[in-house]
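Going by the order they are written in, the chains are A, B, C, D and E; count residues from 1 in each one.
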Amino acid sequence: MRIARVIGSAVSTIKVDSLRGSKLLIVSNATVDDELYGEPYVAADAIGAGEGELVLVAEGSAGRHTDLTAGAPVDAVIFAILDSLEADGRTTFRKS
Amino acid sequence: MRIARVIGSAVSTIKVDSLRGSKLLIVSNATVDDELYGEPYVAADAIGAGEGELVLVAEGSAGRHTDLTAGAPVDAVIFAILDSLEADGRTTFRKS
Amino acid sequence: MRIARVIGSAVSTIKVDSLRGSKLLIVSNATVDDELYGEPYVAADAIGAGEGELVLVAEGSAGRHTDLTAGAPVDAVIFAILDSLEADGRTTFRKS
Amino acid sequence: MRIARVIGSAVSTIKVDSLRGSKLLIVSNATVDDELYGEPYVAADAIGAGEGELVLVAEGSAGRHTDLTAGAPVDAVIFAILDSLEADGRTTFRKS
Amino acid sequence: MRIARVIGSAVSTIKVDSLRGSKLLIVSNATVDDELYGEPYVAADAIGAGEGELVLVAEGSAGRHTDLTAGAPVDAVIFAILDSLEADGRTTFRKS
């Protein structure tokens, strides 16, 4: 799963029915030190994440293993909001 | 899911039966600012997208979770036409 | 799905039973202008493609959604032979 | 499957119910000579791995083929702790 | 599927039960001319491949479509030993 930051959202009125009512957020992958890298992409939100929060994203078919995304064309889902990260013996991130 | 722009289409008469009648569009991934990047690829169209439109593409097995692509050898599907994108506190794209 | 050119074939006598009789072709991804890029890989052939033809390849679990590849350890299948490609308002490829 | 080293852990109180009680570890891919490469990511722990250990990670839907991760939005799982690696005719890693 | 060379093996005593008795080999992707590229990874062996042999590897969920890997956290399986490769009109590899 990827560490990612929520940086925005996507709005669409013409979409498949299985995603009506779903919140589609724009996320960017992040390092353990909370530095963004790579091109942003879109993930379905399964836990009520807000802009600016550091989250975990599950990709591929894992994206459909939540109540909100089952059966929909989803290949990335936000399934956790991060409280803290520990790496190499130190706290690299703590939610403020 | 990837932000992508429809840049063309692919025509094929010899193909598996499960894709007869499917529209196969050529798309290029795009940044939140609607700049294209990477090599174009082909996605099945599940919502009637047109050339030039900014869309969302679901990859992998997610590509088969629409009525039009279920059971077919599809690894990428256009499932939404984008109205707008918000990122880093500003509107980075709005459909004209 | 990827635009790819068939550039050769792989021969193997020791392989899993589910792939006995399958044709395993070597393909290289191609741009919309039919220029090859990336390292060649092997795809199962579900439609009788020939060397030199431009084809479409479905990757991942999509590779097993044809009659010939169902249930086999296949992660890439040729499912269409391309007649033509249109991109950016022009015909970039036409089968000769 | 990837050779990886456990370098830390992720803490989250707001997450999907299917991952309550799961241990989410931060791992970095490693070469056969135990040198780290690429950006660290998060994997579910199915075998009780500890920080600093060299492990094997299965990605994609394989991540849900353990008792602890079945049905959860998991795309990477630690399924083995490595004792040793042999490559190019020599022992490149041995657990101390 | 990827052309790959078996370059070694991984030994693990602490692992999930579904992989007890499985042979986990270290492989490196190879070009059609049998030159190695990329970082080595681990694949389950479904056909009795030996070190030094050129093989085909199926990745992702395809890795579990053999008798030996069904139901296990496997995302890469060796399913064929290569006899020869033909590319661009010449024999680029022949098993000695």
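In the analysis below, a residue touches a chain if its C-beta (ideal position, glycine included) is under 8 Å from a C-beta of that chain, and two chains touch if they have at least 3 such contacts.
Since this is a predicted model, take the numbers as computed values, not measurements.
Trainee: Which other chains touch chain B while also touching chain D?
Mentor: Correct list: A.
Trainee: Centroid from C-alpha atoms only, then distance chain D to chain E, rounded to Å. What do you get?
Mentor: That gives a centre separation of 20 Å.
Trainee: How many angstrom between the C-alpha centroids of chain C and chain A?
Mentor: 33
Trainee: Could you say which residues in chain B touch two or more other chains, in rising order?
Mentor: Touching at least two other chains: 60-61, 63.
Trainee: Take each protein chain as a node, join two nodes whenever their chains touch, and name the resulting shape: line, ring, star, complete or other.
Mentor: Shape = ring; chains linked end to end, path closes on itself.
Trainee: Going by the defined touches, start at chain D, step to chain E, and keep going round the ring. Which chains appear, in sequence?
Mentor: Read from chain D toward chain E, the cyclic arrangement is D, E, C, B, A.
Trainee: In the complex, go through chain E and note every residue touching chain D.
Mentor: On the chain E side, the touching residues are 7-16, 18-19, 24, 26, 39-44, 60-61, 63-64, 71-76.
Trainee: For chain D, which residues are in contact with chain E within the complex?
Mentor: 1-3, 29, 31-32, 37, 46-48, 56, 58-63, 65-66, 77, 79-88, 92
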